[in-house]
Structures are given as structure tokens and as C-alpha cells.
Amino acid sequence: QSEQEEVTILVSPLTFAFPHFVFMVEQMQDEAEQIGGVEIVVADGQLSSPKQVSDLEAAVVQGVDGIIVAPVDASGLAETVRMAIQNGIPVVTVDRPVNGVPEVLANVAADNYSGAEAQGEAVVAAFPDGATIVNLQGIPGDKTANDRNDGAHAVLDAAGDSYQFVSEQPANFSRDEGLSVTENILTGLEETPQVIIAANDDMALGAAQAVEARGLAGEIAIYGYDGSVGALRAVRDGSLAATVDQFPGEQGRIAVRTLVDYIRNGIEPESDNILLDPVAITQDNLDQAERVGLID
Amino acid sequence: MTAEEHAETSAALRRARRFALLGKLAPLIFLLALVVIFTSLQPRFLLPINIFNVLRQVSIFGIIAVGMTFVILIRGIDLSVGSLVALTGLCAAVVAKGGTSGGFSDAGDGYHWTIAVLAALAVGTLAGLFQGMVVAWLAVPAFVVTLGGLTIFRGLALAIGNGGPVSGFSPEFGWWGRGLIGPVPVPVIIFALVALIAYLVLTQTRFGRSVYAVGSNPEAARLSGINVNGITITSFGIIGFCSGLAGFVLAARLNSAEAVAGTGYELTVIAAVVIGGTSLYGGTGGVVGTVIGAVLTGVLMNGLVILNVSPYTQQVMIGLIIIAAVAFDVFIKRQSR
Amino acid sequence: MTAEEHAETSAALRRARRFALLGKLAPLIFLLALVVIFTSLQPRFLLPINIFNVLRQVSIFGIIAVGMTFVILIRGIDLSVGSLVALTGLCAAVVAKGGTSGGFSDAGDGYHWTIAVLAALAVGTLAGLFQGMVVAWLAVPAFVVTLGGLTIFRGLALAIGNGGPVSGFSPEFGWWGRGLIGPVPVPVIIFALVALIAYLVLTQTRFGRSVYAVGSNPEAARLSGINVNGITITSFGIIGFCSGLAGFVLAARLNSAEAVAGTGYELTVIAAVVIGGTSLYGGTGGVVGTVIGAVLTGVLMNGLVILNVSPYTQQVMIGLIIIAAVAFDVFIKRQSR
Amino acid sequence: MTVRLDEVPARAGGPGRTSRAGPPVLEAAALTKRFFGVTVLNEVSLSLVPGEVRALLGENGAGKSTIINLLSGVHQPDGGQIRMQGEPVQYLRPLDADHAGISVIRQELSLFPDLSVAEAIFAGHLPSRRFGLIDWAHVRRETRRALGRLGLDVDPRLPVASLSVAEQQMVEIARALTRESKVVIMDEPTASLSPKEVENLGGIVAQLSAEGVAVLYVSHRLDEVKAFCETYTVLRDGRVISDGRAAETEIPDLIRDMAGRSVEIGRGRGGAAREPGPVVLEVRNLASRRRGRGEQMVRDVSFTVRAGEILGLAGIIGAGRTETARMIFGLDPVGDGEILLDGQRFTPRGPAGAMEAGLGYVSEDRKDLSILPHRSVHENFTVTSPVAPGALGRINRGAETRLLASYIERLGIRVQNTRAPITNLSGGNQQKVVLARWIARQPRLLIIDEPTRGIDVGAKEDVHDLVRQIAGEGVAVLLISSDLPEVMALADRVVTLREGEVTGDGPASQTTPEDLMTRMTRHEGQTMAAEKG
């Protein structure tokens, strides 16, 4: 296939309701423009695997040249992804893999589990003598939520008995619930906890509101996850202790490049599992964050 | 009655019949219009592969929509179906795998897939019957009972699967979701069968007729000797059964079951039933409409993606078209009165 | 009528009244029971700070629940409230910031907060009126129209905010969500005021009584010369207004507005109204019950977290308690008939 | 029950009144209405001058309610014109007719079950003061006045749903009385009222007339028409057949105009030829449960019904007849006493159980308790399963259709299409379908509560014949009727109830309507002691 050939790629993220994916797709579109001759078609997964399955199937019918998907359900999308590949359409997964389809061209991701480990390590670094911890979890049953919960537990449980989870409640990745659940938890606890870890930035920012409203600002260290613009600013200003950046923009750019290279030139990526190292971003390494330029 | 009057009457009768038929056909007309528009904008829409795609996608919530038709006909509603799909899917998965291991190894130490199906159907039916009893005996509105069910079953699903997915079933299990009979996907055949049986039950049996009577006027139905509580409980049992079946087929299709499956199904399913012309006030409508409504919903989602409509616009259009479909139905029915 | 007979009748009436009062009090009794149980398990539950917590958390969906009471009283329903909260919150935010920049700089280049409030209220009210018109004039069931609205408004919210949050408002803006008057959070005061006004409107004005008449028997209302369409459209306008107000207060409280805000509110809000004793079949109930229902829902969520009940169990318990609350209400009302 | 005599003018309405002159307040000019192309009204003209009381007569389905629907903006005419005070008007909605000064008491009750009596009376017309706040004092005062005028003794604060059908009918009437109307239209207001209330209503009609209000009065009770109305219009098949002065026209002539043939009324009499069989139903000291309202509607009722016997149960509003029937049929729990069926103690397990035991019950409340709205005439007929289904509950449509056809024939039901919704039928024809569904089950004991409510004179005879016929076949019939002539014409024996207690029981042939009335209504001091027990 020739260098100049027009390429159409379907991009199907989990949902556009999370800024994480909005940013990722923007970066993909930018990358596509830089490469030239690449059209990005966007579908919104709306957090529903049937919706995403139907989007992918429609794209196959439409005859796109390649697919980039961030699967809502790692196993749920497997069958459809396999079907697309059988129809000669290469697929790259981003953010997280699909299960059990080795034919996928590549998975470009930053492992949620290891990102949460980084979050836990940041806690251990800041509180070497142990800490009382509140854990705000994502949507119960959601894979991302599970992985982040497991990763954080792996590190903090291993760090010794001095690290105590005093309360663990889901706040469904929502700022609103992050705020009210934190309020409720703080009331229920006899003693103010030292640390709040949250499975995403929205919940962390909600928790920060609750902490501030309680007049506890500065007394509780709050750890977010995502490296969102709001969270980075909060880290800079001190209301969050850290957030975890898993470089969604870079993931998106790599995914587009990998896919276009393969479609145009038949170049296979060196590895079919391209993992970016998630990094805990604190005030000290704020400049490493991908979206640091956006926080004015 | 004079001959002239007689002629007038029977002409009028024919006219009334024609109108009534038109009223019944409204959702179908709307569906065809949608198909024509989509096809003219993008001919690939009508490719056989796409048609089977749409039907396969439709089949799972279509199965539930058939059950929902019974419940809505008796003036009920069931908001718990999405959660029940997750719960029953997990039950089937756990039985088939012999545990909650998420491993993708096809050979589980679990039970035969037939036992898994039975588990899903039994749990679904029991859950439905249970909700029906609370509705019938305690007179708690169905909306509330099944809103409770929505939360309860999701909680149970999380507890069973311990939050994670249970994946990787035997090929026989998977066949129910991914197999083909000739060119036709198995779930589509299941959906068609379920719809056919429901159609016969609703139109040809005393039970079906009682469902309409209860929905039309529960007090009058009771006074006429119909066991209103029995009909209510059975209807909820039916939707529970359908949810269990859908939960199993979905797990088979996705080769995985998890607690977050089916989130938000309730509204899609209810929309399909209502678009198909079944009244939320009970007593009118039926399965034929529901099938059309379900296909219409599927066509809508598929078509907008095929047409490459931008995601935000898509949501706005889906909302508008759903309203338009029902408005069209209402308009035609009004004309034919 | 003899004096003796008269005495007999009024004794009967007094008895009927007492029963009716008990019927009205059922949700309150249930709420108090819940509070007693939670407090006995965890005394911190009754701390003033926690009480204000609960009230503050309740206030936002409570404001919407007050509007929902009108719509349910006329046999309607509004599923679009959650999306409308997101949309109106974003409108207020964009106006206040003068754009969609996520910048947390307090001094925006946008308009004064008063304009932002007006924007949220106007958009909410217009959206509500629009839905009301479709319900009234095109006779499309409210369930369908607002299900469409749910999708449409969410799509618009995504489009406006371009997916990202719009954050960081002036302190005056923020005061509406985070401020205190004495020890009482501002949102609680807003909620109380909204509820009070709604109470007066529903019980003391012609419009309010017409709302009950329409819900009790729309056909009879039409025949009695009540402008049923007008009442319907106005009621939807009211819930639109309330959603707009809630959207604004939520944005102020979170110091941020985003397109995912309010997801799933519709069911929580409807649950609050129904738990408070307003019938989904229209015509009976009222704002006092709704306030109790909203507080009950808030107490439930707060209490289970304070007791550190595990998440899965929590879901099961919430479902069961909601059903129990309504079952209790139904039971008491039956006894008192 | 209180009758405020001061409110009822001394001058009786109807016959002998001077003829009225002056321009009409309301005119229907050549109104035509079609449904699905069937002409239901064909160039119907009638007019009302202020103070005129005009009867609108016709068989079931003649088009009476349809005219009213046109005059009150419920439907739009397909031809012709409506004029108010000489000006053509076009109502788009009932609201417009209401504003023009037309009040309507509908044939089917259209009240607000959840509202209080006072609010139901004022619905849509609540008076308001400043800030749109309601003037409750005014509402209470006017409600008391209106209820007083009607002699209705219910607390205005009670919810409408707790009233009996007859009481609700009175509330419906009260609603029209509180308006400043130029025209009051009454569509069968007395169909479920007993003589006492009918008499009160007569006074009210006369009073309205004296105040210059024009009244259009629809009724199938022709004696009433003769007593209340000055003029009449007869419709048949949607055409005006005759009109004239009520005083100058004899009832048989009216009937002939309505039916297009002469109808013999009062053909048969009670138990003339029949020999009653064994006791089928015996009720001993039956009492109902107390309701929240505190009253016990049935306190002590005993009677028997034999096979082949028609037992009439007479009483005024609130006597407890319907409540008694509901307990027997298993619709309401029994408070005290016992029910025996063929001498065996019978504990009805809901209507289904009662039906299994061979009981049938035609309710007095057609709209709320009988009709399946939106469902076809066929389904409304088969809802009681008069034809047993086959294996797997499979219905036998052919047999059902044949059975229905035979009843359409037998009862002269006017229906074009048995697949069409029952609500397309006129009120009287709906009632016939309901009767048919029960008779077709061939019960052993049939309870019929106000069986000819809203049925025209000719059809009433058909229904009476049918009831006699089934009694002749050995069915025990318990007839509840507020229409005394009907009780007299049909019943072999009459039991009178008053305030939940039996006040008389004896052969119909040995009693007179006056006797019955006396036993149905209170005599001071007579049973006060008994009530205390």
C-alpha cells in the first residue's frame, strides 16, 4: 500500500463523559493531521459494551481501514475485535486490552494496576511510618476500578500493618459522590485520616472540597489518578498531594502511528504490548505531566 | 335498517378496520422510513452482514422487551432487568466455570452448560416471581419494587462475582451467543422463538387475554373472576425468565459475565416496548409492536454510526427520533379513532 | 338529622381523620425508625455536623424532587432531570467563566454570577416547557419524551462542555453551594424555600388544586374546564426550573460543572417522591412527603457509609429499605381506609 | 338525610306552565356528526329559551350523548352550527363551552376520586382572592349550600372515592349547581338515584328554571320527564322524530316515537307462573367490617333467595344493598354473620371463588367496575369466560363469537363491529354487553345491581324478559334496583333495607310502592333502640 493512501480509522473510546478520553482522542486527531491523509471517525462507547460492539460492527460494515478501541469490557469486546481482524481490519487497543485475542496488532496502555502501585508508592514515600487511609473506589465491578483498587492494595498491604484502610467506599468515579461520600466517611471516623486515595481525579477533587469544607485542608493528603488538568492544578496549589499520569495523549498518538504504519507500510510494531509507565505526579515532578501546559 | 344505510355502515366498517390496521402499522412504517433514509445516505447499511449485525445486537434486549411487554400490559414496569441480566449471567458463568475464577481457560471444572442455562433461568424466574409477589400482595408499586430490585440484584451480582468478570466458557456454551444456524445468528433465532411464543400466549390463550383485561381495568378484571394477583405474579415471572435467558445469551456472546453487564438496559428496553405501541397505562399493545420497536432502536444506533454522525450529535438525534417515532404512532392512532 | 346522629357522624369523621393523618405520617415514622436504628449503632450519626451533611447532600436532589412532585401529581414523570442538571450546570459555568476553559482561575472573563444563575434557570425552564409541550400537544407519554430528553440534554451538555469539566468560579458563585447562613448550609436553605413555596402553591392556589384535579382524572378535569394542557406544560416548566436551580447549586458546590454530573439522579429523585407517599398514578401526595422521602434517602446513604457497611451489602440494603419504606406506607394507608 | 324545604320552591315544575317566548339562549342548527363515516347525528336541530326545561329522549344509541358532546365542545360537529344567544360559536375545547355558560352533568361519572367533595364540586372554578390564594371560606359555604339543596348528607371534606355511586352522582349534580350557568345539561342524572333523590332533583330543576336557566334533560324514565319537563325532543337513529310539549303528550306516544314501533310496557309481573325451588342463598345476620370512615354500612341483614325466584332488594342511597352484594360475591370481607349456599356455609374466596360456586354479579358501577376500556366488545363479553378454554388455556374464538352473536340478537345490542372498543358503544349498549357476559355464564345465583341503569324503555323490557326467563330456568336472582317500578315489575319478593338493616320482607304482590318507600326511609324513633345493639 502506498504512502499517500487515504486511511480511515475508527476510534471508539469508553465514553466521552470522561475528560481522559476526550483528551486522548484530541491528541489522536492531532497526530492524524500531522501524519496527513488520515481520517479519524469517532464513536462514543457510552460505557456500554453492546453500544461499543454495535459501533465496531458498523465500522466493519462501513469498511474502515483500522480500528482503535478502548474496550468498555475487556472480555466483552473480544469476539467483535476478532471478527474485525478476520475481516482484514487491524485493531489497536488503547487504555486497556481485550482478553484472549492475540491477533490484535498492539495494545497501547499504561497498566491501571501499576499506576495504582505508583499511587501507593507515593503514599508510602510521603508517610514512611504508616498512615490511616480512606479509599474512594470507582464503579463497583468496573475493571479499571478493580485494577486500581488492587494495585493500591498490593503496595499498601505489603508495606506493613502501619498502613491501615479505615474506610473503603465506592464513589462511582463521580465528583459529586466523591464529595458526599467523603463527608459521610469523615463524620463516621473517630479520628481524621491522614490519607485519601481515590481511583480517579474527579473523586479526589470532590474529596478535596469536603476536606476543605471541614477545615481540614492541609491535614489530609489526597491522591488522585488520571493527571487531569484540574488535578494538576490542585497538585500545584497543594490541595491534592499527587495524581497519577498515564499519558493518555501519548497513548493515543502511539496508537495512531502504529496503526497507520501497519496499514500503509505493513510495519508491525516491535512489541504487541506497548506499555507506558504511569507516573505519580507531585509538586516535585509536575513538569513531567502530559497536560501541564494546559493549566495556565 | 335500509339498504342504503346498510351500505353506509359496512363501508364505514371497512374504513374503520383499515384505520385500525394503519394504527397498528405506524411503528413499522416509521421503521421502514428510517431504513430507507439510512440506506439512501449509505447503501452499505443494507448489506446482509449489517442486517444480521443489527438483529444480533437487538436480540438480547429484544428478548427482555418481549417479557417487558407482559409487565407493561398489566400496567407494571420492570426497572430491574439490567441488573438481573448481570446477576443471571454471572450465575450461569459461575456454574459453568465451577467458581468465580476469571481465567480464560475454556475447560472449566464446572458443570455442563445445560445446568448453567437452568441456573440462569431459575434465578431470573425466581427473582421475577418474588418481585411480582411484592407488587401483588403488598401492593407496592412496580416502579418502586423493581427500582429496589435494580439495586439489590446488582449488589448480589457484585457479591457473587466478587466484583470481577468470570470469563471463558466451553464452545457449546458460547454457541448460544455466537453460533450461527445457516446465516442466522443463534440469538436472533432465540429472540424470534421467544417473540413467537409470547405472541401466541397473548393472543390465543385465556392467560394472555387476562393480561389485557388486568391492564385495561384491574378492578373489573377481578370482579370478572380473573385472579389479578396471579396474573401479576406470572407476568413478573415471565420477565424474570426472559432476563435470565438474556443474561445467559449475553454471557455466551461476550464469553464473559460481569456485574456491570446490562447497566442501563431498563430504559432501552422500555423504550422499545413503548415505541412498538404498547401503552404505559396498560391494556393495549402487543409483542409484534415490541419486536418492531426493538429493531427500530437497533437500526437507529447502528445507522447513525454507519453514517458517521458525530457522537454528541448522535445522542441528540437518538433522543429526537425516539420521541418522533412515538409521536408518529400517537398521531396515526388519533387519526384512526 | 338528630343531634345524636350528628355526634355519631363526627366521631366517625374524627376517626377517619386520625387514620388519614397516620397515613400521611407513615414515611415520617419510617424515617424516625431509621434514624433511631442508625444512631443506636453509631452515635456519631446524630452529630449536628452530620445532620447538616445529610441535609446538604439531600438538598440538591431534594430541589429536583420538589419539582418532580408536580410532574408525578399530574401522572407524568421526568427522566431527564439528571441530564438537565448537567446541561444547566454547564450553562451556568460557561457563562460565569466566559468559555469552556477548565482554568481554575477564580477571576473569569465571564459574566457576573447573577447572569449565570439566570442562564441555568432559563435553560432549565425552557427545556422543561418544551418537554411539557410535546407531552401536552403531541400526547406523547411523558416517559418517552423525557427519556428522549435524557439523551438529548446529555448530548448537548457534552457538546457545550466539549467533554471536559468547567471549573473554578468566583466566591460569590461558590457561596450558593458552599456558603453557610449561621450554621445552615445555603443549599439547605434554598431547598427549604423551594419546598415551602411549592407547598403553598400546591395547597393554597387554584393552580395547585388544578394539578391534583388533572392527576386525579385528566378527562374529568378537561370536562370541568381546567386547561389540562396548560397545567401540564407549567408543571414541566416547574421541574425544568428546579433542575436548572439544582444544576447551578451543584456546580457551585463542586466548584465545577461537567457533562457527567447528575447521572442517575432521575431514579433517586423519583424514589424520594414515591417514598414520600406521592402516587405514581397521580392525584395524591404532596411536597411534605417528598421532603421526608428525600431526607430518608439521604439518611440511608449517609448512615450505611457511616456504619462502614461493605459496598455490595449496601446496595442490597438500600434496595430492601426503599421497598420496605413504601410497603409500610401502603400498609398504613390501607389500614386507614 | 335532610331536605331543606325552604330551598325547594313551592311551584312544581312541568305540566301546566305557561309557554315561553323570547330568543333562545342555545340553539343547535342542523348538527351532523359522523364517526368513521357512519352518520350518528343527521341535521339535528333543537333550541332552548331561558328557563325552558327540555327533555331529550331516544333509545340507547339514538345520539343523545353525542349531541351533548357537540354542545359542550367535547366533539366538533361535521355539519351545522351551534348558536349561543343568536351568535354562532365554535368551541374547540370543553373549556370554551364552560366559559360560554354551559354546565354538563355527564352520563358517565367524571369525578376526581382523590379530591374532597368540596374540591370536586369546585374543580376548575375555585374562587381565589389576592395572590391567587383560594377563598376556602367561600368554597365551604357554597358546598354546604349546594349539598343542602340536594339533600345530600356527606361531609364535604371526605374524598370522593369513599362515596357510593349514587352519592357521586349527586356530587356531580352539585357541581353544575355552583356555577353561574345559562344552560345546564343533564345526561341521565337519575339513572342510579332512588325516588327520594329524584324528587329532590325535580325541585332543583324547577328552581333552575325559575331562575331563568335553561335545562336540557336526558332520561329514560318517562314519568320523570312528564313531571319535570315542559318540552321534549325525540331522537331516533340520529334524527329528530318529534318535538312538542310534555304535558300534552302521553307516555306511550313518546315511546312509539323513540322506538319507531309500539312497545308494550309492564308486560309481565313477578312470579306469576313460576314455582320457586329450594333455597339457594341464605344470608344470616350479615354485617360488614368497619371502614376507616367509622361507619358500618351493613349491620344486620338476613334473607333467602330460592331457585327460580327473583328477590328484590330495595333501599335508598347508603342503605347497604351494594355492600351486601359485594360481601356475598367475595369482593369485600365479611364482618359478621354468615352466608349459606345450598344450606352449606359459604366463605367466598374472592370473585373467582364465588363464580366457581355458581355466582354472578353485575355491578352498579359500569365505568369503574365493569368495562374494560380500550378492549373490544368481544373481549368485554368473554372476560368472564362464558366459553371454557381448551388445552393450555387456548381460547375457542369461534364458539365465543357465536355465543356473543346470540346475545346481541337477544338483547338487541346496537353494535357494528365486535372488534371495536366497547367505549364506542352508547352507555345503554355497554350495559347490555355487561349483562350478557354474566348471563352467558349460566350462574345459579345472579346478583344484578341496577341492571337497567341507563337502558332505554324498550330495551328495559327486553332485559326484564331476559331476567324472568333465566329465573324461569331456575336461576336465583337477587335484584338490586333504585327504580321502584322495576322492583315491582320484576321481583317475586322484596326485602327493604335501611341503614344496613332489614326493615321488611314479603311478597311483592302484597305490597305497594308506598309501603316500600315507607320502609326504605326513616320514621322518627322507630328503630333507634335497635341500632344501639
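We just call them A, B, C and D in the order they show up, numbering each chain from 1.
We take it that a contact is a pair of C-beta atoms (placed from the backbone, for glycine too) under 8 Å apart; a residue touches a chain by one contact, two chains touch by 3 or more.
To keep track of the chains, here are their UniProt names: B, C = Ribose transport system permease protein RbsC; D = Ribose import ATP-binding protein RbsA.
All figures in this text were calculated on a predicted structure; none of them were measured in a lab.
Following the contact convention of this document, A, D is the list of chains adjacent to both chain B and chain C.
The chain with its Cα centroid farthest from the Cα centroid of chain C is D.
A straight line joining the Cα centres of chain C and chain D is 43 Å long.
For the pair chain A and chain D, the distance between C-alpha centroids works out to 71 Å. Centre-to-centre separation between chain A and chain C, using Cα means, comes to 34 Å. The multi-chain contact residues of chain B, meaning those touching 2 or more other chains, are 158, 163, 279, 311-312, 314-315. Shared contact sites, meaning residues of chain A that touch two or more other chains, fall at 16, 140.
Under the contact definition stated at the top, not a single residue of chain D touches 2 or more other chains. According to the touch criterion at the top of this document, the contacting chain pairs are A-B, A-C, B-C, B-D, C-D. Chain C meets chain D in the complex at residues 1, 9, 11-13, 15-16, 19-20, 204-207, 209-210, 212-213, 215-217, 219-227, 283-284, 335-337. Residue ranges of chain B in contact with chain C, taken from their complex: 79, 134, 138-141, 143-145, 147-152, 154-156, 158-159, 163, 267, 270-271, 274-275, 279-280, 311-316, 318-320, 322-323, 326-327, 330-331, 334. Partner chain C is touched in their complex by these residues of chain D: 1-2, 72, 74, 93-95, 98-99, 104, 106, 110-115, 119, 123-126, 128, 131-134, 153, 155, 157-158, 175, 291-295. Note for the complex: chain A touches chain C at residues 16-19, 21-23, 137, 140, 167-170, 174-176, 179-181, 183-185, 187-188, 190, 202, 205-206, 209, 213, 229-230, 233-234, 237, 294-296.
Of all residues in chain B, those touching chain A in their complex are 42, 44-45, 47, 49-50, 53-54, 57, 60-61, 104, 157-158, 161, 163-165, 167-168, 178, 253-256, 258-261, 263-264, 298, 301-302, 305-306, 308, 310-312, 314-315.
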